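The two complexes that follow have chain A in common; it is paired with chain B in the first and with chain C in the second.
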Partner chain A sequence: MSITLDQVTKRYQGAPVVNDVSLEIGDGEFFVLLGPSGSGKSTLLRAIAGLTGVDHGRIALHGRDVTHTAARERGVGLVFQNYALFRHMTVADNIEFALRVRRVKRAERVQRRKELLRLVALEGMDERLPAQLSGGQQQRVAVARALAHKPEVLLLDEPFGALDAKIREELRRTIRQVQRELGITTVLVTHDQEEAFALADRIGVMNLGRLLEVGRPDELYKRPATRFVATFLGAANLLLARQSKDGIHFGNHAVNARAVEGSVSGREHEVVAVLRPEEIELAPTREALTSSYLAAGTVEELVFTGALERLRVRLTNGSAEVQLAKSNGDGEYLEVTRTQHEQRAFEVQRGQHVAIGVRRIHVLPTPLSSFTACAASDAEVEHLSRQPLLVELAARMKTRVATRVEPALANGSRDCSSRSGKFVGAAVVAAQPDSLKDIECLLARGAEEVFVLPPNAPPPQRVLIHWADEAAKSATLAVSASLLRHLSAEAIYVDVMPQGTAESQRPHGMRALLDARSEAQAVHGLEMRTELRVGNVSTELVRQLGESVDPLLILGISQINGLAHRFADLLASTPRWPMLIVYREPEVQA
Partner chain B sequence: MNAAVETRSAPRALRQPSVLPGFGLTFGFTTFFLSAIVLLPLAALVLMSLRLSWSEFWEVILDPRAVGSYRLSFGASLLAAGINLVFGFIIAWTLVRYEFPGKRIIDALIDMPFALPTAVSGIALTTVFAQNGWIGQYLEPFGIKVAYTWIGVTVALTLIGMPFMVRTVQPALAEVQKDLEDAAETLGAGRFHIFRRIILPTVLPAMLTGFALAFARAVGEYGSVIFISGNLPMKTEITPLLIVIKLEEFDYRGAAALGTVMLFISFIMLLAINLLQAWGRRRHTRTGR
Partner chain C sequence: MMASRATQIFVDEHATRPGRDTLTTAFVRAFFIGVSLLFLAALLFAPLATVFTMALEKGYEAYLASFSDPDTGAAIRLTLLTAAVVVPINTVFGLAAAWAIAKFEFRGKSFLITLIDLPLAVSPVISGLVYVLLFGLQGWFGLWLQEHDISIVFALPGIILATMFVTFPYVARELIPLMQQLGNDEEEAAITLGAGAWMTFFRVTLPKVRWGLVYGVILCNARAMGEFGAVSVVSGHIRGVTNTMPLHIEILYNEYNFVGAFAVASLLTLLAVLTLVVKSLVERTGYKGH
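Right, the complex of A and B next:
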């Protein structure tokens, strides 16, 4: 492996800007770190270059641990967005800078310089000053300069950011060519998905300091695992659907299973379906569709963009109960693109009624799809759904907050015996002295996740994860991963061994801890740190929460009975911290 | 038709687009102010000194007391500008590169010598550096006397010139992007190398300008120096003071003669600094070394 990152964390004023990133980049690979501004991608690149120290984790280049090695000894070449050429030096001196530092002989310097200038197609420009070159030429000089000392790794930080579209494409081609010719391991940072697609062998998508997904460009586009990647790589319509054994349902209407790709588990639950605009088919009637029918709609907007036609199709009210994960502004409409060929086959005008079909749906393997605020009265539900943390979470997860009046939550009544209507997403309740009863009640009535929210809780800085029962482990990890992708918080798994555990049992505890970590990493793409405590579970959790700044607890359980007893300290009084309780019944052996 | 359009649009093309009114007006103001405020008084000074005969002129300007004052005036000014070159750079560096509490206050303090009446700075410095002053009393046992010696003169001139240095170097340093240093570091350069090859060449022109300004200001300084120097003829007497003494004796022509000498030496030195700057620029653009 050329570059190995192991749980690299960099904090800035206490908040992690790079959050537990682990990554391996192979020899000669062209790797693109893609993410919006502020996602930590540039910081990560600077950490690899050695210009920024890390607070946690290790960095290795070609098997050599360089975590504490100075930048000048790492043997990397770095190219900056603003070129960073030495303006008082000629092109020749800029390129030879690294060689001069290493006291390379003149003849050799000149030869290497000529070679590099040929490589970046700037022969004969030796004696020019940077100010006499165009932006594209300056960046070529910067690339040549970064390669002069034959680095093992080439790092490029938004190298095309300051260039206009045409030059950008030209330079992109040059860089790809240079990279192939030299076979040098390259990491490029960009916020431009088109650039990432054009250059990358593999793409790593970052958001909020976390590396969300890594994969080949086509894989990530076709089969994203997270909402963020689905919407950041190209356009996507996100729909809420129910998944069951026989396929995907939008409301009562099932979509042909052949069109569905993605994880299909037996458990019936709410999922997020990704519909690419180009996978949507429009036809005059339902019968005329060649693909699986989704809904009826009205063409609201029509933009001609050359090769493609872009449309916004508003879903007809009540049609098939298709629900968007997040309504786009003023209404529920789908983004559709159509090729010239499709346009010729069926011409549409604004205001026209159409039948909408889907050729392909990708289902995201996310257990946490939306939130439902639950309280006993309309006013309370309304108030709860406006809680800043909840609104913030929903916005980041690109999902919605539904409301649900639960008479069962009213003081005194508490008729929790019957299961009533399916719960959509995580049920949210306000923290109050009786929270424990609320939790028990909602779980008994069929909720699988209950989110207890103290008033005006701040966005969490640290998320503690714990499962009380082994049966809830994998669901807890999945929910945690799903939530943490949208937070910049650090994740810490806390395991607690009972008081009086024999010393000899400790290694066993450590092993369980490491197993949990590797499962989180391998199955759910979740990087977390681990801590082992000894004592009473509830007491230890409360202590940990108390020691953390703005924490959130994710607690996995598989038994409703005895919650009061098992989590006395945690749940007996009004919960002080936001808590997400994940409940899964142990699977019955068939 | 076409020709008509062209003739009408031609003057428009010649005119430089600008926010302020035309070139003629602004150039007129420039020459007027330069003449009225700079050139005419200087010419009057030279003319006044020419009323002396050559032998009288030489006698005045080569008088040992006068020569002693030149040495102190220009020597101390050069030394002060040199001190500012080093420490002004360090102050500018600190202000540009670091964030620390009270940064704004320190930044504002830099300009104090600009605003303070120079006599006030002189009195304040004398109080501090006198034999029984806050700092002076600790230097006394080592045999270092500041007030009433050439050292005191240098201290006063350093204080007066410091803002010129800091304020010219600051913007130049701010322009040296951190990226340049980062680039040099990844290319294998050590700190000293980065400083010498990257930072220094970039800010050197600004440093020379700051040096020239600080030096020019120090040569002309009067108010602060007369309080701390003690004004001993031949020892701690600066040329401007000598001129004032001559004026008080109504020896206007003698004063003018000394003024002409100052004018001449200052002009030569500023010219030299400018040439050095131009040479430095050429050298860097040519070979980059």
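Right, the complex of A and C next:
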């Protein structure tokens, strides 16, 4: 491996800007770190270069641990967005800088310089000053300069950011060529997905300091695992659907299962479906569709963009059944793109009614699809659904907050026996003295996740994860991973060993801890730190929560009975911290 | 009625004709340039002219003769010596302070910036008095200094200290915004290319800010040679020993030796003009490349 990052964390004024990133980049690979501004991608690159120290974790270059090695000794080449050429030196002096530092002989310097200038197609520019070059030429010089000392790794920080479209493409080609010719391991940081697609062998998508997904460009585009990657890499319509053994349902009707790709698990549950704009088909009538019917709609907007036509189709009679996980926030729209060929086959005008079909659906493997605010009265439900933390979470997860009046939650009339009506998404209840009863009631009535929300809770800085029963482990990890992708908080798994555990049992506990960590990492892509405590579970969790700034607790259980007894300290009084309770019945052994 | 209408049309036409100065803007321009020139003439050119006319009032002979006075020579030497000591020290200090402020985040950074501005805000007389209070015979360290036979106030060290205090903001003030604007990228590039701290500083940072530095040094020098208030308090006005040029001018003037006073003044003015010429040369050659 050329570059190995292991749980790299960098905090700025307490808040993590790079959050537990682990990554391996192979020899000669062109790796692109993609993410919106503020996602921590540049900080991570600077950490690799040694210009920024890390607070936690290790960095290795070619198997050599460089975590505490000074930048000048790491032997990397770095190219900056604004070139950072030495403006008082000529092109020749700029390129030879690294060689002069190393006291390379003049003849050798000149030869290397000529070679590099040829590589970046700037022969004969030796005696110019940077100010006499165009932006594209300056960046070429910067690339040549970064390569002069034959670094093992080339790092590029938004190198095309300041250039116009045409030059950008030209330079992109040059860099790809240089990279291939030298076979040098390269990491490029960008916010431009087109650039990432054009250059990358592999892409790593970052958001909120986390490395969300890593994969080949086509894989990430076709089969994203997260909402963020689905919408950031290309356009995507996110829809809420129900998935069961026999396919995927949008409202009342099922869509041909063959069009569906993604996880298929046994029980019926709500899922997030990704529909790429180019996978949507429009036809005059439902019968004329060659793909699975989704809904009917009206063309609201129609933009000609050359090769493609971009449309916005408002869902009409289907909208009651087809639930959009709000991807654009301004109503029930589907984004559609059509090729020239499709346009010729069926011409549409603004305002026209069309039947909407879908050729391919990708289902995100996310257990947290949406939120449903539950309370005993309309007013309470309304109030709860407007809680800032809930609104913020839903916005970040690009999903909706549904409301549901649960008479069973009213004081006095607790009838929790009936399992009427399915719960979709996570049920949300307000924190109050009786929260424990609310939780028990909702779980008994079929909710799988209950989110207890104290009034005006701040966005969490730290997420504590704990599962009381081994049976809930996998589900808890999945939910944690799903939630944490949308938070910049750090994740900590807390394991508590009972008081009086024999010394000899300790290594066993440690192993369980490490197993949990590696499962989280391998199966769910969740990086978390671990802590082992000894004592009463409930007491230790309360203590840990109390010590943290703005914490959130994710608690996995597989038994409803005895909740009050087992988590007395945590649940007896009004919960002070937001808590997400994940409940999964143990699988019945056949 | 007709005439005003015709005028109106004329003005409208001129005001809307593209590509040429319209009547209104031409007037506004002439007005502002005129006011500025008048202001300069009254406040700058007239006094400058007076200095030279007064100096040459009794002819060249008298003008040149006033420089042969040993006390005048001593004053000139003292002024040049003071500047020669103060300017390098303040240059180093200014570089260090600007570097610290532009490159690092630390506690009390804004306090440091305020402190650097202090000499500009405080009256120079007070700056001088501070040194008298500290190092004078009645001052905090006065007795100790006397016991060890060190004289600071009413001697060269006092003059240098006072001048240094008054002039230390100039280099730092010039460099801080420049360094902040130019950023850290070139230094970081140098580091990733393998350069150490000293090499980065001398090969990258210093050349990068050299014109700002030269400019700051020039301003610092001009003020160091011309300082009156602070030096006046600490010097003690000992003729031929602790009189700098500005102080010497005052003494000559008070003795009704107008030619002598204005002759020294003209020399000081020439030094100032020379400084300004160097400055504008620096600006022309230095900033053209950017």
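One rule holds for everything that comes next: the second predicted complex is superposed on the first by the 582 of 590 C-alpha atoms of A that agree within 3 Å, B and C clash if a C-alpha of one lies under 4 Å from a C-alpha of the other, contacts with A are read in each partner's own complex, and residues count from 1 in each chain.
Keep this in mind: a contact is a pair of C-beta atoms (placed from the backbone, for glycine too) under 8 Å apart; a residue touches a chain by one contact, two chains touch by 3 or more.
Just so it is clear, the structure is predicted and the values come from calculations on it, not from any experiment.
On the superposed chain A, the positions of chain B and chain C overlap enough to count as a clash.
Contacts of A:71 after superposition on the shared chain: both chain B and chain C are touched. Shared-chain residue A:87: touches chain B and chain C both. Of the two partner chains, neither chain B nor chain C is touched by A:1. For the contact definition in use here, the residues of chain A common to its chain B contact set and its chain C contact set are 49-51, 71-74, 76-78, 80, 82, 84, 86-89, 97-98, 101-102, 129, 142, 145-146, 148-149. The touching residues of chain A, when paired with chain C in their complex, are 49-51, 71-78, 80, 82, 84-89, 97-98, 101-102, 129, 131, 142, 145-146, 148-149. Chain A meets chain B in the complex at residues 46, 49-51, 70-74, 76-78, 80, 82, 84, 86-90, 92-94, 97-98, 101-102, 129, 142, 145-146, 148-149.
On chain B, the positions that touch chain A within their shared complex are 177, 179-180, 182-190, 193, 197-198, 201-202, 284-285, 287-289. Chain C makes touch with chain A in their complex at residues 185-186, 188-196, 199, 203-204, 207-208, 210, 289-290.
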